[in-house]
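The first chain written gets the first letter, and so on, giving A, B, C and D; residue counts start at 1 in each chain.
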Amino acid sequence: MEKNRLEAFSDGVIAIIITIMVLEMKVPHGNDFAALKPVLPIFLSYVLSFVYVGIYWSNHHHMLHVTKRVNGPILWANLHLLFWLSLFPFTTGWIGENQLASMPTATYGWVLLMAAVSYWVLQRAIIRQQGTTSLLAQAVGNDWKGKLSPALYAAAIPLAFVSPWLANSVFVLVALIWLIPDRRIERVLPRHQS
Amino acid sequence: MEKNRLEAFSDGVIAIIITIMVLEMKVPHGNDFAALKPVLPIFLSYVLSFVYVGIYWSNHHHMLHVTKRVNGPILWANLHLLFWLSLFPFTTGWIGENQLASMPTATYGWVLLMAAVSYWVLQRAIIRQQGTTSLLAQAVGNDWKGKLSPALYAAAIPLAFVSPWLANSVFVLVALIWLIPDRRIERVLPRHQS
Amino acid sequence: MEKNRLEAFSDGVIAIIITIMVLEMKVPHGNDFAALKPVLPIFLSYVLSFVYVGIYWSNHHHMLHVTKRVNGPILWANLHLLFWLSLFPFTTGWIGENQLASMPTATYGWVLLMAAVSYWVLQRAIIRQQGTTSLLAQAVGNDWKGKLSPALYAAAIPLAFVSPWLANSVFVLVALIWLIPDRRIERVLPRHQS
Amino acid sequence: MEKNRLEAFSDGVIAIIITIMVLEMKVPHGNDFAALKPVLPIFLSYVLSFVYVGIYWSNHHHMLHVTKRVNGPILWANLHLLFWLSLFPFTTGWIGENQLASMPTATYGWVLLMAAVSYWVLQRAIIRQQGTTSLLAQAVGNDWKGKLSPALYAAAIPLAFVSPWLANSVFVLVALIWLIPDRRIERVLPRHQS
């Protein structure tokens, strides 16, 4: 089975997810600065979710790049990841509308956690098919980011009921960790292509 | 006529269908656990429909993979399938908002039935163009899943007026039947590629 | 300039148009057959518009297939066509919600007319770039469908204020004319490919 | 890293942005000409934004066409551009609903400004990776349009509080400047391809 359509379909779904999130920012009825104020927390949660979906797309892009063929388990692990990503617009809208209240924050963390777990499952499915000596297996290495992130999300869920602000800071922190350029796959590639 | 654009267009439409279904899960106004409760049946119907659309995409992916060229009838049979799939967000939202009442359940079953029929029509159109000795004709074989599913959907429609829960269980059951890995096309392919 | 991205972008836009039209069919609040009744005219207008967008996609697919390169005018003529197609969800929703009243019907006809005109402009732009001896110029031939359709749409606009039902019948009729398999491009192709 | 998926993903996001803007044009409840009147300013702002997104897509298309490989900074500069473009539906809806009031006009200008800046950042990131002797560096040249536009947007923001109509005229003017065929890349290409 070829990977092209899997990439194209994932690109389509991720492109729609990242774009429909903005629909949660309802056009305000007033036309002054005050009318923009209730939109601000929704805007901030949109920015954070945009960055997260961007990180997922970028990592997915890299991972599929070193994947040669796909099989049934990879296809379904990929759909499983897309399912959790598809809940981002809902949780982003909920957290934004309630100015980062406890329950929406915990739900946001739970969806982040499930997305991270399903990404890991997809990565395992690909490595199992490609072999442990594959490019991806080497590129992933000890994968400290992939292990740290779900632990931090899991910690942020109960934290949301103590201090939603602290829990949301954890989400921002994890996003920043991933934004630091990750050259693992780019570093391994030239060695093999030359 | 090349099949690439047919695949790309179908991927686009299916990607949008699978993603806009989540828009039926309206962001709740409250911010506690109680606010999530009315979302739960909508969430469950979303999960079921996501799995169904995923199954259709996966089967469509396999079927087009062994299709070499497309003609007018294939193109329109494909649009016909996409039409019925495009009604999933509507029926999913309706069934979810009414906690699986009779009429929405029957409507859901009817759209599932029409999607199954239109998939079968598309399959026939491709086999007619490829020939009965084609890869697809061999891969499809006796196609017990493709014959059993519409029968079960058709049975679930009147059943919805007796017990909507039983009818919905039938829909879950059929989805599970399809999730069991179907290696028909994957099994036939290597024989011909080697 | 390559045509691939033009095709991919057009596929994306058309796929979204054809799919978001279904969002105009709001999930009814009741759960019986009566709740479905107000949805019926919206459903019918959705079916008609789905067929129209399908026809445009299919013709666009054929036309771009015999196009080798694209230039600035083609690119903008294509965006112009997509603009008018993007108004289909609006006019479809309006005509559906008002059970085919005069003004919505006339507006629907006007958008159909402008889409037909912009399609013709795109066709001219491609032929101008490909040359009058090109495949497309030959395939288009006298193009009676392309000339008859805008005339019928234009006639249907004033007709909508006399009898909206008659005007809508014209729209159905034109759709049927296009659904009759059009083998012009398919007929010319093999001659040149063999 | 290959550029194909970057193009495909960008096409997807831009296609969705350009299409969901039309959802801000809510179907009116009346069915006469008066019902269309409040839709008119929303329609006009939709036309302007459609042209702007079309210009961005066209320029993006040209720029990526002369880009050979993408790296991390290019990927993120591209996501940054898509982020600002994704705010177009929101600002378009806001400006349209308030008949071009001051604050929505200024916000519209601000998003246009940020989009222009992020496009420039993406252009720099590509040139940095391709080298200053690259096709793109030559094609861009002194880039007067790319320098004039943000200056005009920045001037239009305070102007919006004096005369929103004048500020909106600036936006229309800049769109017209870009619509004038820009043959820079097309002019440089043949020289290098022959």
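As a convention for this text, a residue touches a chain if its C-beta (ideal position, glycine included) is under 8 Å from a C-beta of that chain, and two chains touch if they have at least 3 such contacts.
It should be emphasised that the depicted structure is a prediction, and the values quoted were computed from it without experimental measurement.
Note on subunit A versus subunit B: their Cα superposition corresponds to a rotation of 90 degrees, in steps of 5.
Relative to subunit A, the chain whose mean Cα position lies farthest away is C.
With each centre defined as the average position of its C-alpha atoms, the distance from subunit C to subunit D rounds to 26 Å.
Residues of subunit B found to touch two or more other chains are 8, 12, 15-16, 20, 23.
Against subunit A, in their complex, subunit B makes its touches with residues 7-8, 11-12, 14-16, 18-20, 22-23, 25, 27-29, 31-33, 35-36, 47, 50, 54, 57-58, 61-62, 65, 179, 181-183, 186. Contact residues on subunit A toward subunit B in their complex (touch as defined above): 1-2, 5-6, 8-9, 12-13, 15-17, 20, 23-24, 71-72, 75-76, 79, 82-83, 86-87, 89-90, 93-94, 97-98, 101-104, 107.
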